[in-house]
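First chain A sits with chain B, and in the next complex the same chain sits with chain C.
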Partner chain A sequence: MRKSFFADNPSVLWFLACLGLFTLGVTVLAEATGAGLISTSFVKTLGKVLCLCLVAVAMDVVWGYCGILSLGHFAFFGIGGYAVGMWLMYARTEAIVIQSLAERTIPPTATELNDAIATQIFGVVGASEFPLIWAFSHSLILQLMMVVLVPGLLALIFGWLAFRSRVTGVYLSILTQAMTLALALYLFQNDSGLRGNNGLSGLQNIPGFEAVPQSVISMGFFWASALALGLGYVLFARVLTGKMGSVIRAIRDDEARVRFLGYHVESYKLFVFTLTAIVAGIAGALYYPQAGIINPAEIAPIASIYLAVWVAIGGRGRLYGAVIGTAFVSLLSSWFTGGGAPNINLGFYTIQWTEWWLVLLGTSFVAVTLFFPGGIGMIFDKLKKGTS
Partner chain B sequence: MIRILTMALALLCLPLTVQAQELQSLLQSHQKTIAKPSRKSVGPVLEALVTSGLPTVPVFLEYWQNKDVYSREDDGLFFYGKAAGDTLELIDVDTGETVATVDKKAAKQIKPNGGVRKEIGSALVQFQLSDPDIARRTDAVNAIARDMSGQMLTPLLGSIDNENDPTLLARKKQLANYLSAKFSDDPAHRVAAIQDIAGDLSVEGRAILSQILETELVVTKGASDRNLLETLEIGEDISAPEAYALIVEQHKLSPMVSENEIRLALEANVEGGKVGGIPVQQLNDLSKRENAYDVLASAGAVAPRVTEAMLTDALETYQIHRAFVEDDPVVTLAALEAQASVQTRVGVNQFFDLSLDAISLASIYFLAAVGLAITFGVMGVINMAHGEFIMMGAYTGYVVQQFVPNYTASLIVALPLAFIVTFAAGVAMERLVIRWLYNRPLETLLATFGISIALQQLAKNIFGTQARPLTSPGWLDGAWIINDVVQISYIRIAIFVLALMFLGLLLFILKRTRLGLEVRAVTQNPRMAASMGINPDKIKMMTFGLGSGIAGIAGVAIGLFAKVTSEMGSDYIVQSFMTVVVGGVGNVWGTLAGAAMIGTFQKGVEWLNPSNTLAAQTYMILFIILFIQFRPKGIIALKGRAAGD
Partner chain C sequence: MSTLLELSGVSVSFDGFKAINNLAFQIGEPEMRAIIGPNGAGKTTFMDIITGKTKPDEGRVLWGEKSINLIGKSESQIAREGIGRKFQKPTVFEDQTVRENLAMALKNPRGPFEVLFYRKSADGALRIEALAAEINLTEQLLRKAGELSHGQKQWLEIGMLLAQDPRLLLVDEPAAGMTPAEREKTTEILVEAAKTRAVVVVEHDMEFVRRLNCKVTVLHEGSVLAEGSIDHVTQNPEVIDVYLGR
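On to the complex of A and B.
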């Protein structure tokens, strides 16, 4: 069965091979494990890009294959980040507080310890007690379960409500965008229990690994991200093959007809929506320890639209397209905004790419939608046609 | 006849001439205090001056307050001084004539300190209250309103009879009322004044009432003879530790030892790694710490802890009351009644005020969304760049103001210009992008999003990231104040009117003009419309331009009260879509209903939780998501063939 799956989908094998080669190459060239040609910060950037690729693959499944243009998947991504960030922040603050209280002549009581940690974390929003949602923050296992459960449950409830009342097309997009906006606005409040505008910070310091240098930690996260992307890719490729995949694609093409054929369209959509939300959460949980900070601005609706932009540029309806689009646009974006691109002097005006990059992105995005609806992935289609 | 008049005049002048030296002699009788006034000693002097009734007294008080009174070294007489270089002009206090010009050292300047000057000032107020100059009277009244001190009551009442300016008279009466409610000696007067305040909505009146009703917590053993509001129930109105702390404060019991104090005491008494026989390592537990502390206490090293039994005992022995600072129960009762009635009416007025706010917010949402109601509602095109059209309109207004300095004129120029600019932008966008994507709505969404980020960045590059002002003309400044609770700024009224105008205009265009007819025909069935001789391409272009143009005008209106930044459009885009979706797509009335509902709901939530507009928005969106569950087609759903699908 497994053999035949890969035999049927040579592109999956190709993808895994490319990903493996890429990981190996970075490992060989990285500071901690190899030649040192790639700096730690760039390893982190690459690791983050891999996480973004994973969430983009999820987005491609839900949009490119199932036809639901969700503008909420970056919210699930953010929730995953928050869930793991709570543990990171708690555990690290606990270590710091224990260290500082150890100097006292009398050892602290459990309540004193707890109060000190809470003051340390929430002092910035003027609170000194743990909100209810931090109840599990002391346990890594429970918080990791939250990474999966919270986005999954939210997607399940939201999807059930939306699909049940047959909200489709652009209406669904607007509704998911509203959900994202509501979540971001909620998190922006200081009394949301997640430090409001400040977000969670210091996430790059992994408790228990204080002695390990960042270069090694970043390599660890890079490998983890690559592994997650590989597994996620195989999972989705598996979901999308066979009868189930056909039904999902059919829903995209003509939902009413699938319903008349006797399939329970809502269940399929709900399954895809929830599964992709969970994967987005996992990607977020891997992304934010590498980014080091998460705040509500990351969840704002525009981030989810960017996600759709990446997928569209890469070519939707192809899993590898999402990966290529994300890697291409986000790396290009950091090249342009990081000042890597040379300024163009027109004589009367100098084009500084830090200022003009978004204009270029916006217009080229319009151009892609108008003239190359298949995105970058279309090139591969053409190649395939040429060989066969 | 003339003789009689002259005699009368002479009679009138007589007292003046007789009094010529009176002020000086009066001042001389208080020579020492006036030359070196202190806050304590100045009172009787001021009283003597005021009761003397001399017309020159206010002038003297003013000079005195401004440190312009000098005392001659030779004889101690007082003069007003005018310093010029090294010399000093001495002016007589009674006649106002220059007596002599002397060397500066010949006379000593009198410098009353701040406290004394304040006393002089309040003595002056009663003269200023009847001053012929209305500006000075107003100043005096304002000074009383600031201080609200009881000694001003009598002079204020005295000045009311001769007041001829009706507004100032009303204000004086109002203030006198407040002062007598608080300070009058006669309880009947006070009650009457308080009942009068009950018919008043002003913040000052409410403040006076709550000042009269000021309470404090008193702890007594047995009954209290104070004017009580209530007796507190321990555990319900006040927690046991708080109550005990209060008892400690007022009746000198031994205070509770807090956990922190226990810790500090233990830390101070560590001996050889042990406290009270318990090893330090074990003291990470509260009960063990208490045991150790008790050991220390029994050794006399620290004060003993208050036990549970002592606490209960104290709470049973003492009662805690909330007592009025005011002793007269008749007054407080009247004030309580007045406060209740004022609060009811304030509540009603606040509701009214909130409704006005809701209407104004709804008209803003309507303005922002009405263009979208056409492009999205009628044509079914998702235009994510709609917000950027609003922004373009606002920037157009800003640019016009750079060239036309008169704000009114610039507004008149800016409104049509904003329409033209965004109309052109809309038409260009429709021609270049949207018409290729009519059958692919999701891709329209993404393409217009691309345009949106490009336009936003472009605006940032041209105008910078800081907010640009779009100043409203002077006649739109200020607010329409109905009473102290209900008020609405003119700008919001203007926006409401503008929203109404748009509603009318749009309904007129869609229902009564050839263009509207063709628009409706094209949206219902483009092919049929085309075969009837309508050019669908042109109509779609015009419709899209119209929707965009309206967004531009809305941008000018929104820019007048919000900041003009490159991101202002994205603040409105999601709400605008919500408004259209909730109201019902394809219907201008629906947009109105949607805007009204969202505005009211958001203001309602803000009323329940006034500090938090973010929460209000969050709940509003959740509410909309749920609302869509029950009415997926919005409030006003199209029926029949027009609904399409």
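On to the complex of A and C.
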């Protein structure tokens, strides 16, 4: 089975080889493990891009293959980030509090300790007690389970309600936008239990690894992100091979016809929607410790729209297209908005890329949609046709 | 021959327009039946009701030995009960190969996890080969369905229908847009299928219906106007009035 799967999908092997090579290259050039030509902050950027690629691959499966234009998958990404962030914040604050109370002659009781941690974390929103959703935050294992369970359950319930009522097309897209908007607005409130618009911060400090420099930690996350992208890619390629892939693509092209073949279309959509949400959650859990901070603005509707733009520019309906589009656009974006691109002086007006980048991105998106529906991935299709 | 499907007292209206009006219909197994009628007679709605696409306002649709009520079941459940449908416009999955199209239709468990862990079997491959031979598409198995001619698409759809191994086939205008030779082949396939199952053919083309050589039901304004052999119904004065014209 394994063997025939890779034999049937040579593009998966090509992808894994490229990813492996890229990872190796970065490792050799990085500060902690090699020549030091790549700074720690750039390693973090690359690691984050890999996580974004993973969520984009999930988006491609749900949109490019199954035809569900979900504009809410970044909500699942954010939930994954919050879930792991809660443990990071709790464990780190606990260590700090224990240290500061260590000088006292009478050791603190468990309640005192708990109150001190809560005050430390929630003082910023005027609270001093742990909300209910932090019940498991002391346990890394439980919070890691949340990374999978919460996005999975949310997608399952949301998808069940939406697909069962046969909401499709643009209406479904609007519904998913509403979902991520509602979640973001809720989290913006101070009493949501997740520190309102302050979000969770200091996530780059990994409890238990205080002595390890960031350059090394960032390499660890970079490798983990690369591994997750590789595994996620293989998982989705497996799902999309054979009969399952056939049915999923058929649902995209004509779901009514698939029903008359005896397939329960809603179950398939629910399967795809939930699986991709879980992978998005995992990608988020790897992303935010590298970003260091998560706040509700991360899951604003625009984030999920970006996701669709990346996939469209890369070429939807091709898993590697999603990766190429995301890597290309998000790296370009950080170059333009980070002040890397020189401003263009037209004499009467200066184009400042930090402002005009969005205009450029929007225009490219429209151009790709109108003139190159296959996106960047189309180039590979042409190459493949040329050689065969 | 036992009764396979029975509709009784079925009515449905859309915005006040009675598309189907107190319709009664029966078909046995095996049997071939042709349904004719002028535009708006309710032929497509009739199929929509049987396949679960449209819910009737009243009436009963009973299926099989146990007389299961089909009303309220979903399209996919009804398809799994053993009712296959071919649409007027050939609807095959153009982006996929002929083999993939047939494999998807092949009678097998339909749940997502069963399909995810489905393994190609020699048995299934043989069945696909046999079907492809039957519908003249052996050479085309690896081509995308979108590249086929109109007639070949029609056959592929019939092939997918047969792959489902249904007990009842509902076929909407199978000969539309076909050359005479293709029509002949289509007739052959349908007559062969009707030896072991129930086949309902909706058709406009009288010549084609005559060649099927079966019982004919004439629909008019949502109910049955006449039933019998083709010669019997074409001589019925009412039928001549509403449908054939003088």
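Methods note: the second predicted complex is superposed on the first by the 388 of 388 C-alpha atoms of A that agree within 3 Å, B and C clash if a C-alpha of one lies under 4 Å from a C-alpha of the other, contacts with A are read in each partner's own complex, and residues count from 1 in each chain.
We adopt the following convention: a residue touches a chain if its C-beta (ideal position, glycine included) is under 8 Å from a C-beta of that chain, and two chains touch if they have at least 3 such contacts.
Small disclaimer: the values here were computed from a predicted structure and weren't measured.
In the superposition on chain A, A:181 contacts chain B only, with no contact to chain C. In the superposition on chain A, contact is made by A:312 with chain B only, not with chain C. Using the contact criterion defined above for the overlaid structures, shared-chain residue A:331 touches neither chain B nor chain C, since it reaches no partner.
Once chain A of one complex is fitted onto chain A of the other, the partner contacts of A:247 are limited to chain C, with no touch recorded for chain B.
Shared-chain residue A:239: touches chain C; no touch with chain B. By the touch criterion defined above, A:108 reaches chain B but does not reach chain C. Judged by the touch definition given at the top, the superposed model places A:271 against chain C, while chain B stays out of reach. Comparing chain B with chain C, the partner in contact with more residues of chain A is B. After overlaying the two complexes on the shared chain, residue contacts for A:13 are found with neither chain B nor chain C. Of all residues in chain C, those touching chain A in their complex are 51, 53, 74-77, 79-80, 84-85, 87, 91, 93-96, 100, 103-105, 110-112, 115-116, 118-120, 160, 164.
Those residues of chain A whose C-beta lies close enough to touch chain B in the complex are 69, 104-112, 158, 161-162, 164-167, 169-171, 173-175, 177-179, 181-182, 185-186, 188-189, 191, 301-302, 305, 308-309, 312, 355-359, 361-366, 369-370, 373.
Within the complex formed with chain A, the chain B residues making contact are 259, 263, 266-267, 270, 275, 280-281, 283-286, 289, 382, 384, 433, 436-437, 441-443, 445-447, 449-458, 460-461, 570, 574, 577-578, 581, 612, 614-615, 617-618, 621-622, 624-626, 628-630, 632.
For chain A in complex with chain C, the touching residues are 1, 239, 242-244, 246-247, 249-250, 253-254, 256-257, 259-265, 267-268, 271.
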